[in-house]
Every structure is written in structure tokens, then in C-alpha cells.
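I have a structure I would like to understand better, so I am pasting it below and will then ask my questions one at a time.
Should a chain be cited, it is by its letter among A, B and C, assigned in written order, with residues numbered from 1 in that chain.
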Amino acid sequence: EEACKEVEILSKPTQKWSGRVHFDYWHFPKESALPNYLDTGNAAESPPDFIGFRRLRYGVAGDVNETMNYKIEMEFASPDSLAFKDAYLGWTELPWLHTVLLGNQKRPYGLDHLNSSRYNVFMERPFVIEAFNQDARRIGLQSYGLSDNEAWNWRFGTFAMQDLSKPGHQYSDNYQSEVAGRLANTIWYDETSGGRGYAHWAVAGSAAFPSGGGADRFRTRPEARTDGKWFDTGVLGAANYQLLGLEGVLNVGSFSVVGEYQTVHANRTAAPNTNFGGGYVYAAYWLTGEYTPWDRTSGTLGRTKPLENFWIVNRCDGCRSYGWGAWQIAARYSYCDFTDQDVFGGVGESATLGVNWWWNPHARMQFNYINGRISDRVVAGAPSTAGWYDALGLRFMVDF
Amino acid sequence: EEACKEVEILSKPTQKWSGRVHFDYWHFPKESALPNYLDTGNAAESPPDFIGFRRLRYGVAGDVNETMNYKIEMEFASPDSLAFKDAYLGWTELPWLHTVLLGNQKRPYGLDHLNSSRYNVFMERPFVIEAFNQDARRIGLQSYGLSDNEAWNWRFGTFAMQDLSKPGHQYSDNYQSEVAGRLANTIWYDETSGGRGYAHWAVAGSAAFPSGGGADRFRTRPEARTDGKWFDTGVLGAANYQLLGLEGVLNVGSFSVVGEYQTVHANRTAAPNTNFGGGYVYAAYWLTGEYTPWDRTSGTLGRTKPLENFWIVNRCDGCRSYGWGAWQIAARYSYCDFTDQDVFGGVGESATLGVNWWWNPHARMQFNYINGRISDRVVAGAPSTAGWYDALGLRFMVDF
Amino acid sequence: EEACKEVEILSKPTQKWSGRVHFDYWHFPKESALPNYLDTGNAAESPPDFIGFRRLRYGVAGDVNETMNYKIEMEFASPDSLAFKDAYLGWTELPWLHTVLLGNQKRPYGLDHLNSSRYNVFMERPFVIEAFNQDARRIGLQSYGLSDNEAWNWRFGTFAMQDLSKPGHQYSDNYQSEVAGRLANTIWYDETSGGRGYAHWAVAGSAAFPSGGGADRFRTRPEARTDGKWFDTGVLGAANYQLLGLEGVLNVGSFSVVGEYQTVHANRTAAPNTNFGGGYVYAAYWLTGEYTPWDRTSGTLGRTKPLENFWIVNRCDGCRSYGWGAWQIAARYSYCDFTDQDVFGGVGESATLGVNWWWNPHARMQFNYINGRISDRVVAGAPSTAGWYDALGLRFMVDF
């Protein structure tokens, strides 16, 4: 037995490298004066097109030994604004707490945010998802759990609210801390079809204490990659705020419907309290017969495997066949309200049509058409408090 | 057959990691007043020596599946000015278009620029190569083709003219686009000697539309790693410009002669049109009997394999021998003219003597001595419009 | 024989990837007015807590062929202040010079600095170690040698004194060069116990020539991760300075005692010469029976292997046992004097209690409590020239 232990102790950490390339094109064919002003500062000037990398990452994850792990992934899409994404060390196989990660990681705020950008149905996340959780990851300590029958999974932890993915640390006695959690239930999972049918619901919440540090600001782009963030509450000056989120998924074969609602109540120090919120609902359908897998361990979407790849399929007889990949269509309605009391962050409404063309399990093309409206948005010098816009988005992505 | 397809669909992306370390030393022993002024702003102060990394890269490339690929390579030589180099996703085995890459990649502008810095004969590229194609790579969509007999290869595509390797994207409705291409012909390739003899010619061209965006500026260093760029046309204010390039290679065993010519015609909006151009010719010879391989798939230089490595060679009998590596000598004459009409970017002439000492296929030392002249260069406050300079360069490089 | 050589010549470079994650928390429970002022500019405001990554690295090293190697490691802990750490190419198996590395590497300045942060006993290095060798690595050319019986090892080389780990190069005719070396002797090494007993001494020195370039400034934090550097001589204006260091280690089983002394004599151009210096001594003991290995090839601490990992240990019979990892306690006394003549950089004294909890050979937790004093420190506007402080530090680290 001594000899065996010796072997275990000397085992080396593992390394698994991965990365992704997401290349985007966005065009804004037509819009009214307010969106122009919000984006360019000029009511007569359209939001400029976007061309370039949306994500360009590589990094490494692995196990240190049987009960510890780590991950470092860098975002190289804008080399002049380098940031880390997942960057942590962790413990696994813990009693009660299961897995605990220390470092930069996603906050437990709800489905669309927790879904990987590799699998999400639309190119950009909905208003409230982005606004209440800008850039998604924070430095914190979080537990990840799963029930034995895989029906329940949860994550909860404490976080510094400032986005530290560029400085890497903070020097401050005001931690701007929060405690947040998500409890998720895969209430139906059709084992016999390998997961072609499932239903899920979850509740998420956060108690956040910005305490004058400035992290209580909610802003976001119009679900498209504009230069400016059109919705913006400004810094609220809240002593604390509470977030509550509800979400649900129903998937039957190639068809799925997903919805989420989030609300934030902010207790401001020198002004009346405010309530912001919103949500979205979308339906999606695979024209080519695939289905969107469900990851019961994390309560998030999984990687779709096309029934046949595009465009060459090697056959075992040495010949080649040709395939069309997997085609998915989807429609989303999204709503947000960041205007309350003396805060005029904007009320948004957006309809998105999406087409996803998966060439193979690690590559796809996304096409989005968006028609949106913004109202109750007050900005000094703006020509109006309401407006509308169209947007067209195209993404090419691979991951490895 | 069903089962077989299943296997293919699940195949994982591949990863191949690589990188390079290039360490440079440059010294400027003697020069006249104008080069001093151009580099330091002081006619009496010599260009300072350069010590440090010229290139320090690592990254990953691979196949996503049978018909798609990707690459990300970061340039870490100046961490405070991080940039990506090759960064793309692509499709292979396409009809007509063969390979198509989307993302940051070299423009199809001619031989010396397309040669890898790992294989190029001289430390720095000639005047016109650098000036007409600053920092080489642009975000674009490019096709790469090859004829069945490997005699012809070509690449053509469309690019955003701004160098986006640091921001990673552009927000602009003026794309500053161009279409460019190169058609190359390996007119002679001696198969029987394994490629010790070959001849090549190619034509390259670009139609570029800066349209007031500022990408129509040509500038370059004096073929040495000076702090300043001594040749500079300034922004031309051209609606469009056209580039034409011609190149030829003749290799007979250890001897090769290479030449290239490029010219740019710019149609300026509010000023007379201008013509800039130049070229180079070099001869190189392997004292130790090696030859420079030719890559017929891309029309560029390949990796030289020394007949014996420096300095230890392991023998199969368990003993060690000692080798001297591979030695190559080379001489280059280069000329450029960036002065026309009211633009006084400078006329340059430069003679370079080079020695390349390959220690093994992945490591070499380069030594360059340069004597150059600059004339017709008008800069406010400069002591003269003409001058001369000497430069000594030393490079140590490995790649992996 | 020809065929065999051919095989060797074609051998590919090797790649070995590695990295580390160090996550720190620092708290400053109580201190007098001077430390407050030095850190925050306000005598009434405590040094703020630190939360975040201390180190976050990954990179690659390998052999180019039988006689050359390379390494590139990036520090991603502060992505907005990216730097490289080890970054070099090198030659091995050389006569007389053994291994020679060209590029960014640690200067040969003494034990605590040469020890990897993965193995060092305390969270931060002592005053003089940090102050005389800020950020440790410089671009230079250094030889690394080892005697056949492994009793003696040495390293010596020449370096540019400016820290170039962010720009990657320098443009300057004032190289600010130095020559430095370290000669180390493992005077006792108990082979029969596998190295549980050993004694070591070494002498290190540097002749440095800042020559007005500004690299003759010594400053450091108080052995804790404060925002400010509390000890600071300012730029001395020295034509040259000389560093001398002495060090010793005695290890008997689980117990070790280590000490080091360094002194710098600076010849200032327009002011009287100055002498600065200091040292430290620490004792450490493994409560759980382990020992700290010694690396005779480099004269530095090695990686400790816990007798049993924390907290799960897989047994060969398929069952699991539970372990407590390895526990080490340590105490350090450190002293520095950066005040001489008209320079009032500060006199420091610091006592540190440390606990190291190794979970497995690649992961540990460190806890440090520090009580320190600073005197003879003159800063404009400061409330006093002397003060004291407490600090608590916690680190989680893994490497892979």
C-alpha cells in the first residue's frame, strides 16, 4: 500500500488546452435620431458597422491532482485591452460544497448568461442579462453542486462586484461584495431518447453591496455590437441592491422555448429607491432534425452535434459524401426597463430573428436580424427620448 | 455506414502549437546629420542601439474537422503593445476557392513579405516591401489556391486596410477596403534533385480605396531596427491607389538570385497624383553545400536543413561528432522612391551584406552590414535633404 | 552512419507547457501614521486590502535540438500590464560555459530571489532581496555551470539594468550594463537519506554601471503586497555601484535555517557615496515529517512532496483514504537600511510568522503574519520619520 500511495503523490497535473475564434460583422441599415445620437453623439450619423473579432481566446484547464483543478483562459480579441476570462484554482469532491472555485468566474445569475457563447442561440445576450451582469465574470469564491440524480444543481458564492479581469486585483477596503446563488431543477429529462426532451426551471438571486464604490451601474448595448452602450442608468449611488431572476426551458425534440425574467431593486443613499427589470422569451427549431442537448450538471445548454457535417463527410468505405450541416431558426422577444424615478436609463423592446447554421460540432455561422425600440431615455443634448433601430449581424465561429 | 459517420462527426479539433524567439542587436556606427535628425530629432545625435526581442510568439493552429481550420498566434515581443499575428478561421477543400481564410492574415503582396521571418535571407525586409505593406497582416477574406501539378499557386482576397492587430476590430462605415491578389508560377522545379533547382515568377496587385480614412500612408525604417521611420510620405489623401508587384527567383543548387519590383499609383483627391516605387535584388550562396528549399504550395522560401548541425551531432554508434552548421553569404541592393510632386517621403538606396549561420533546422544567427543613402527627403527643421548611414545588425533566432 | 545523422537533424523541437495560479489576500489590521502616509498619502488612512491574482502564468519551454533550448512564459496576473518572465533562447552542453541563455532571465543575485515563488517559504521576499533586484529578471547573456560532483554550481553574465519585461527592448546607447555572478557550494549533501540533510553557502556580486540612466534606484514594499513601495532611495545618480551578497543554508531533516546578507556601495557622481544593505534569517520546520528538497544543480530550494495529500488519497485497493497534507511553520527576521548620507530611503525591521499547508506537490496555502517597523524615512509631508505596521497575508497557489 505504501508503494501505491507514492505513485499517486507523484502524479502530474493535467493540461487541456482550448480556445475559440468568433468573427463578427454588424450593420445598421436604418434607425431614428436617438440611436444615432446615443452611438455617435450626432443625431444624423448612423451607428458605424462593426468588423472584427468578437472573441479570440486560448487557455488551459486541468486537474492539479485528484481533488484540485485550475483554469486560465485569456481573451485576445482586443490585444490592446487584454483580459482574462475564467481564471481560477479550485477544489473538487468536497463534502457539501462539491466543487469550490476561487478566482475569476461567472456569477450565478441565470441561464442565458451561464450558457457558453459557443452554444447560445442568439449572437448577443438579452438586455437585462447583459445590463445586470456586465462582462459576466467576477473574482469570487463559489460552490458548484449537483444532486445524485442530476435533477438539481446549484451554485452560490461571494464576489467582488468590480470587474477585475484587466487589473487582475483590487486595492480597496470597500470590497463592493455580493452574495449570489442559483438553484436549478431539471424537472423532466427524457433518458430514453438521450435527452431529446427536457424541462428546466431555476431561480437566481443576489444581494449586492456597492456601498458607494460605483459598481451599481447598469448599462448595455442594444443586443448588437454597437460602439456605444445605449442603455445606461449611470452610477446609482445605492448602498445595496437585490437581484432576482426566474428562468424556464421546455425542449421537445427539435423545438425549444426558453424564457427568463430578472428584476433589481436598488436602495439608494440620497435618492428614492429604484426598480429595474425585464426579460425575454424565445422559441427555436431545428429544421434538420437535431436537438439542443441539455447539461444537467450545470443547468445550461450543451453542444449540438449536426446529423451530418457541412460540407464533406468522410465515409468508412473511403468515399466522401456531402452534407448540409444543421440548420436552426429562432425568434426572440426581449424587454427591459431601466427608467425609474429620476433615472432615465431607457426602456427597450427588441425582436430578433436568428438563423444558426452548424457546419460541424465545433463550427457554425449565426445570422441575426433585430428590430428594436428605445423610449424614456433622457440624455443631455439628445434630439428625442425615444427611437427605433434595425440591425443585421453575422458571426463565424469555431472552437477547439 | 451510419455508425461510421457518427465516428467522424465526433472527431475532435486538432491543436498544433508553435512559436519563435528572435533576439536582435543593432548598432549604428556612423552616419550623416539627416539620419540623426530623422531618428532622434537632433542632427548631432546618433540613432540609439537596439537591444531586445524582435519577435516572441506562441500560438496554436489546427483543423476543426476535415474541412475547416483555425489559427491564433500572439506577438509577445512588446507585452505593452500586444498584437495578434495570424488569427483566423477557415475552410479547406473548397471547389474553385480551395482554401478560404477569414481573419488577420498576410496580404498577397509579393515574395519577401510572404516569406516567413524564420527563413528570409536578410534580417529586415526591403524598403518598398515594408513601406507598401506596413506590418503585413490585415483582417480580410482570402482564397488560397494551387494547381494540381503544383506549378501555379495563387491567393486573392479583400481586406480592411487599417492594421487591426491591436484593437482587433473596427467601428467604421468607411471600410478602407482593398482587393488584392498574387499569381505565382514555379516555372522550373528540379524534382530529381529534390528541389535543388527551381525558378519562380509572380505578379501581385492591389486596388485600394482608403477614401479619406488615412490608411494611404507609406513609411518605413532604413531596413534596420531604428526607433524612427525615416521614410514617410505622410497621409496622401488619396481616394484610391493601385499597387503592382513583379518578382522572380532563380535557384541553382547552393546559389540563388532573387528580385522584386513594386510600384504604387495614388489618385489624390485634392492634389496631383503620385507614383512611388522601388525594388531589390539579392544573390545568396551556401558555403557549406546546402540549398534553400522552395515551397511550391505557397510560392515562398522553405526551411533550410543544415547538412550537419552545430555543434554536437549525436551518432548512432553512441559517440558524438561535431559540426559547423550551415553558412550562407548574401548581398542585397535595394532602392525606393517615395518622393513625387509635393510629397518628399525620401529616396533610398541601400546595400546589405549578410551572413546566415544555421545551427540546426530551427535555429540560426544572422549578421547584416548595411550602407545606405537617403535623398530628396524634406522634413521641417532638418539640417539637409540628403544623408547616408551605416548599420550593423545581429540576430539570434529559434523556432519551435 | 549517414542515415543516422539524417534522423537526428530532422528531430523536432520539444514543447513543455507549464503555468501557475497564485491568489492573494492581504489585510493591514493596524499601523501608525507613517505607513498610512507612505501607502495612501493620508496619515489617517490605512493601506487598503489586496484581493486578486499575484501570479497567473502560462508558457512553454523546450529543446530546439540536442544543444539548444528556449522558454517563453507570460505573466497574465494584470492583463492591463502584461509582461514576460523567463523569455530566452539558449545553448547547452557548451565547454567551459555549460549552459548559456540569451534573453530575459533572473540575475544571479542570491538564494531567496533565485528560489521559485512556488517553493519559497514566505509569501513575499525580504526587503533587500526585492529592493536590490526589483522584479528579478533582466535581459542579458548568462552562463550556468555545475561541477561534475554537483558540489559547485555557478552562474555569471552581463545584463541591461532596465527592466524590459514590458517594452521588450531598449533603444539606448547607455546600456546601463552590469556584470554579475554567483558561486554556490553544496558543502554537505546526505545522499543516503535522499537529501534530507544538506548545507549550502554562496557568494554573489554585481558591478553595475547605471551611468545616469536611472536604474540605480532601490525601493520595495514592506514584505507584503501593499499598493505603494514604502522604502525608496530615489534615483541615486550613481556612476556605478557594487553589490555583494552572502548566503547560507543548513537543513537537517524537517528543520532548516537559512540566512542571507547583501550590501550595495554606490559611487555617486555629484554627492557623497552611499552604503545600503541588510539581510534576513529564517527557521522552518515541517510538523508532518517532510523535508525541503535541495536542487544541487542550481543551488535553490526544490519542490516538497507531502507524505500524504490533502484531502483524498486514492489507494491501490480501490478505496480512499484521507490525508492532511504537509504542514510547515516558519519564522523570519529581516532587516534593511536604505538610509545613508542625504538619502532617507528608510530603515526597516520585520518579523514574519508563516504557515505553509501543502495539499499536494503542486498546491499549497500560505499564511503570513508580519510585524514591522520603519525608521529614518524622510518623505515630504509625512507625519513622522518612523512607524510600525501589522500585516496578514493569505495565498492559495497551484502550479501545473
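One rule holds in what follows: contacts are C-beta pairs under 8 Å (C-beta built on N, C-alpha and C of every residue); 3 or more make two chains touch, one makes a residue touch a chain.
The model shown is predicted, which means the values in this text are computed figures rather than measured ones.
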item: Equivalent interface positions on subunit A and subunit C, same or different at half; value: different
item: Rotation, 0 to 180 degrees and nearest 5, that superposes subunit B on copy subunit C via CA atoms; value: 120
item: Length of the line joining the C-alpha centres of subunit A and subunit C, rounded to whole Å; value: 40
item: Numbers and ranges of subunit A residues touching at least 2 other chains; value: 17, 81-82
item: Partner subunit B, residues of subunit C touching it in the complex; value: 1, 3-5, 7-10, 13-15, 17, 59-60, 62, 64-68, 70, 72, 74, 81-84, 87-89, 93, 102-103, 139, 160, 164-173, 175
item: Interface residues, subunit A side, partner subunit B - complex; value: 17, 19, 21, 23-24, 46, 48-54, 56, 58, 76-82, 227, 305-317, 321, 359-363, 396-400
